[in-house]
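The same subunit A turns up in both complexes below, where it pairs with subunit B and then with subunit C.
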Partner chain A sequence: MKNFEYTIKDELGIHARPAGVLAKEAKKYASTITITKDGKSAQATKLMAVMALGVKNGNTVTVTVEGDDEEQAFEGIKAFFENNL
Partner chain B sequence: MECLKGKSAYAGVALGKIAVLSKQDYVIKRKKIDSPEHELERIEKAKEKSLEQLQALYDRAVVEVGEANATIFEVHQMMLEDDDFNEEIENIIRTEMVNAEYAVAKAGDDFSQMFASMDDEYMKARATDVKDISERLVRNLYGKEDNDLNYSEPVIVVADDLSPSETVQMDKNKILAFVTVHGSTNSHTAILARMMNIPALVSTPLNLDELKSGMEAVVDGFTGEVYINPTEEVKNQALEKIQKEKEKQELLLTLKGKENVTKSGKEIKIYANIGSVSDVGYVLTNDAGGIGLFRSEFLYIGRNDLPSEEEQFTAYKQTAQMMAGKKVIIRTLDIGADKQADYLELGEEENPALGYRAIRICLSQPEIFKVQLRAILRASVYGNISVMYPMIISVEEVLKIKEIMAEVKAELTEQGMPFKDIEEGIMIETPAAAMISDELAELVDFFSVGTNDLTQYTLAIDRQNQKLDPFYNAHHKAVLKFIKMAADNAHKAGKWIGICGELGADLTLTKTFVEMGIDELSVSPSMVLKVRKAVRDLD
Partner chain C sequence: MKDKIFGVLQRVGRSFMLPIAILPVAGLLLGIGSSLTNATTISTYGLESILGTGTILNALFSIMAKAGNVIFDNLPLIFAVGVAIGMAKKEKEVSALSAMISFFVMHATINAILQIQGKVLADGTIAEGVLQGTIANVLGMKTLQMGVFGGIIVGLGVAALHNRFYKIQLPNALSFFGGSRFVPIISTITYVGVGILMYFAWPVVQNGIYALGGLVTGTGYFGTLIFGIIKRALIPFGLHHVFYLPFWQTAVGGTMEVAGKVIEGGQNIFFAQLADPNTTHFSADATRYFSGEFIFMIFGLPGAALAMYRCAKDEKKKQAGGLLLSAALTCMLTGITEPIEFSFLFVAPMLFGVQVILAGSAYMIAHMLNIAVGLTFSGGFIDLLIFGILQGNDKTSWLWIIPVGIIYFILYYVIFTVLIKKFNLKTPGREDSDEETKLYTKADYKARQEGNSEGSKQHHGDEKSFLITQGLGGKKNISDVDCCATRLRCTVINPELVNENVIKQTSPSGIIRKGKGVQVIYGPSVAVIKSNLEEYLLTAPDEIVENDNVQEANVTEQVQEEKNDDKKEVKNTRVFCSPFNGKADSITKAPDEAFAEKMMGDGFIVIPSEGVAYAPEDCEVSFITDTRHAIGLETQDGMEVLLHIGVDTVKLEGKGFNVLVEEGQKVKKGDKLMEFDMEYIRENAKSDNCIVVFTSLSEEQEVVMKTEENVKALDEVVDIISC
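The block that comes next holds the complex of A and B.
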């Protein structure tokens, strides 16, 4: 299991569109990718659940990656956060 | 005639017949079924059809409102394929052995309820999106087409709420205005209305059952009012406003992109005053050269606590980005006197105009001031931001501000937060500041004259007191002499000076200001082109 912390820079937070693109990205991997904010978690593949976390600009989330391809998934998802959020 | 007040999502006036858009109310019946597999298959087909429709809507929206605004239909496609949403539908069908339509409607309600209950305006507005997709799915399950939204003559569309897909499907040449009972100024409908340049009201307490398509109405997007069955008088007023708007548009076309230069070649900058980020659109459509006064108070008023650094940063950054390199002058907190925020507990005063307000609060409570300065500095890297301080009366105040500014910059540097060295100016709105403007000019990068307060303090006349009107003279020589004095002192020190009060937009003074060598006039967005015309008409 690998994880990283990330502070959201997008001014709208994790809003609808990036949550949707994130879901698509997360589905590329076999690993389970979980986003946690203030004790609440959602799987990255689930758009509405991720939106429901209500992650705002400036919030810090923990992203956990667990599964067979976790090395790849970790790199891919981390890059996605850095480039899009 | 009936007059109702909603919230304006986009300004403009319309007069015409209404078209009441009622949701296709199929009573969704809950039916027992034998084969869940069959229902799931039907859902798959309806989903496929929905995705196709959404793709078509997306393609259409890209053309009509641009790619950025069209992405909502991409999001709808993604929501439609959301795992949790689909699992819930399947779950309802399997456990309750009910029909697909009922299951979709139920899941749609649940998810939209979840968004509606979030404490975030943006996420709240997403409830409409969820409803939109589940209704689409239900329509396709019933084999019904989308609502027919193509009207034969231009109409004022009245609805409970409009989904983004409904808004974009309408032929915009046939829409005079939008009025909805629900919806926020944050909704996609509001955003799309702005893009389409159509007056729009949201949160309007209409009773749709009492309205019939074909009734006459007037929509005033400036005041947020809608008149049903308007009297001749109201209709005539509306026509006048529409005519005025039309003239403005024509003036705009002839003056847009032109320089603010007199016939003999003297140039003056014309900027606009704004009170919130949502005004930036008007600044751009009226072709202002920049924002000469961004009243930051709106961030502080009408709430129960201080706005956070992030909140302010976002507002300043958005403004700077939207202005794309044009100057944005942010005035720090100018609260007190007639503008109050209860949570600051400023207390009652005998003479509020002469009291604890503006920079006096900021210098007494630097912890509040610093948050704002941090937000402004952080936003500075996203555009061309300047800052100015209100209600200055002394050199000592400016020195104290500089000290605080230096502390804030040092903190940001230490935290590795990027910022630019921005221009710092002061408002000249007290006789004291005008009198010592020679000394003040040495310390700052620019002056901006706040004529409303300068007049009130110079003439010792309370503008709120109507009894004093006979004594009031907006063009009093004393005020004009103060402005001239400040202008001369600014120029002697190699600094520039602007005017951001009401007098800046007084077309009978444009000539005087140009002659004084005023470098910039900041006026309300709707006055920009009129002042430009006045300048261009000067010899």
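The block that comes next holds the complex of A and C.
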């Protein structure tokens, strides 16, 4: 299991569009990717659950990666957050 | 990281292919036109009455020569636009226009500074004391001589800007200039800057280029040998275009004064000399980057093919013979070597080592023998005829190619035969047994197609495209398809899903994989294969249903691990009612790419006629965004539905929305969920279209519109079909 913390820089937070792209990215990996904010978590592949977290600009989330390809998934998802969110 | 660089270089390499593809035609026009208008040729053969000045044929050939020449003269612009198209990810036409604009802007900027600095005088002449050859005439502008590099700088830069900005959203007042319209704007501004920068930086680069060229030129024959070996060794990586182009097209390959003009690049020098009636012998120093190719392409490699054929097992001779003969003919006529090279490269890398050294030395030998035959694209017989034989032995020394070629033929034949036999190399026709298990046979394909045609969506397309798609892990796994002269270049999402055995059924000469990049080598017919595949992908179903038991048993490598945890299956057909009053339409018509491409899932849109959202059936409100522009619902059978009111309404920060329910609340069909101010949304956001997305559908499920007309809330609007 690997995890990292990330503070959202996107002005609008994780709204529908980025959540959709994130879900798509997360589906590339076999690992389970979980996003946690203020004790509430959601699997990155579940669009609605991620949106329901209501992650806004400036919020810090913890992203947890667990599974067979976690090294690769960790790098990929981390880069995704840094580039898109 | 390494894979990433390979991926980028591969894209750069293939972006060169579009502009390079014009060279054979331009070369034919120029070659035929200028040889048959050449006064010396005409008088040698005593053809003044037919071809002399004033005759119709003379006029025709003069036009041909000019038409061909203009392409060579303007290659920088052609490369700028061509590379921009090749590198742009989407809306390529926008990047093409931007590249052309930027090319003008950059050179106009440099021209202006040259005038301000007094290096170019007001009447357009070049001031004294300016080093000759550093200033050139590009599209009527006196500017720094940047050659094809100038074009490539523009192409790569504009494509980068394009990929970064083509979806940019500007504030409302400026929104007209947003999206793809922003690309030419930012490119123009950027390239004014690049122009200024280039005025100062380019002379330094120029010195560097001359020095590098000087290094190869200065080391004489040895330099030619090194060039040849590197170029041939890069073939398997498909990166040779990146390497040789500067030598052919820029000052790296040397400069020479031809007919009073300073020309840079080996190929350019040859064609300038071709157009110049005063040429007595073409410069072998210029042609050493390609003249040697005739030797091993017309003679050497066919020798290798013969060796492989003779070494094939008797029962497989026929099959191997067909493959090798067509590969050898392609190589001899057009100079496209990959079909032959890839027939042994993968099974016997040792032979490829031999090929690299023999071919590399051919460049040097041609240089030493003063052989100066030009070519447009590669060293096949067609080019030899036009740029060697037709130009005459006096100018080209092409006759030398024959004795040297015969020696090469023997060398290739003997070395290949000895090595194949000694090490029992598995060249075509020598495989132990049928190693590849036929995973997908023609019958399987047919059966499958029939099975599918029963469904609502029939898929068209040929068998090859079908197999390629399967081999690449299915339509969804393919993110990008392109091709160069001989290979299909694909990028996949998950390399693990690629199954080479399936791709091998399409009889390619080789498959190269590097990270997410997959290259399948087919030979010159690849352009057709690519267009068929693209057409097939347009209509192909996302995932082909496995309905064949034999199939199942054979598919061992097909790692189709679905992550089912987040998908709640819905069986058969299920209707869904509209939550809105208004005009229903397919989600692909949504005025937002992310929705229209079903990035968040399949669904539909309603262009509302009333600002109210109703519960389409009994369900639970699973969440409401803080900005109140979207509501998530969970139906009683566990399906997730996202109601997204308007496009880009997240920016309204809740203004214009009045949500009437709470998270977790159970609602009945027809309950009002929220009211929204359509007028306010239309004025302050991109669109008031209401988007309904089913975020939990599996890949086998599809949303089909029941109507694309006006609907009332709670009218049935779509069917959700499970295949």
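We take it that the second predicted complex is superposed on the first by the 85 of 85 C-alpha atoms of A that agree within 3 Å, B and C clash if a C-alpha of one lies under 4 Å from a C-alpha of the other, contacts with A are read in each partner's own complex, and residues count from 1 in each chain.
In the analysis below, a residue touches a chain if its C-beta (ideal position, glycine included) is under 8 Å from a C-beta of that chain, and two chains touch if they have at least 3 such contacts.
Since the structure is predicted, the reported quantities are computational estimates derived from the model, not experimental observations.
Within the superposed three-chain model, A:Asn57 lies in touch with subunit B and out of touch with subunit C [touch as defined at top]. Judged by the touch definition given at the top, the superposed model places A:Lys28 against subunit C, while subunit B stays out of reach. Once the two complexes are overlaid on the shared chain, A:Gly20 sits against subunit B and subunit C alike.
In the superposed pair of complexes, A:Leu12 makes contact with subunit B and with subunit C alike. Looking at the shared chain after the overlay, A:Thr45 reaches both subunit B and subunit C.
Residue overlap on subunit A between the subunit B contacts of one complex and the subunit C contacts of the other covers 12, 15-17, 19-20, 23-24, 43, 45-48, 51-52, 54, 56.
Those residues of subunit A that touch subunit B in the shared complex are 11-13, 15-17, 19-20, 23-24, 43, 45-49, 51-52, 54, 56-58. Across the interface of their complex, subunit A is touched by residues 71-72, 74-75, 78-79, 82-85, 111, 114-115, 118-120, 122-123, 126, 129-130, 310, 314, 317-318 of subunit B. Across the complex, subunit A is touched by residues 493-494, 561, 563, 565-566, 592, 594, 599-601, 622-623, 625-627, 630, 632, 634, 640, 642, 644, 650-651, 663, 695-696 of subunit C.
Residues 12, 15-17, 19-21, 23-24, 27-28, 30, 32, 43, 45-48, 51-52, 54, 56 of subunit A are the ones that touch subunit C when the two sit in their complex.
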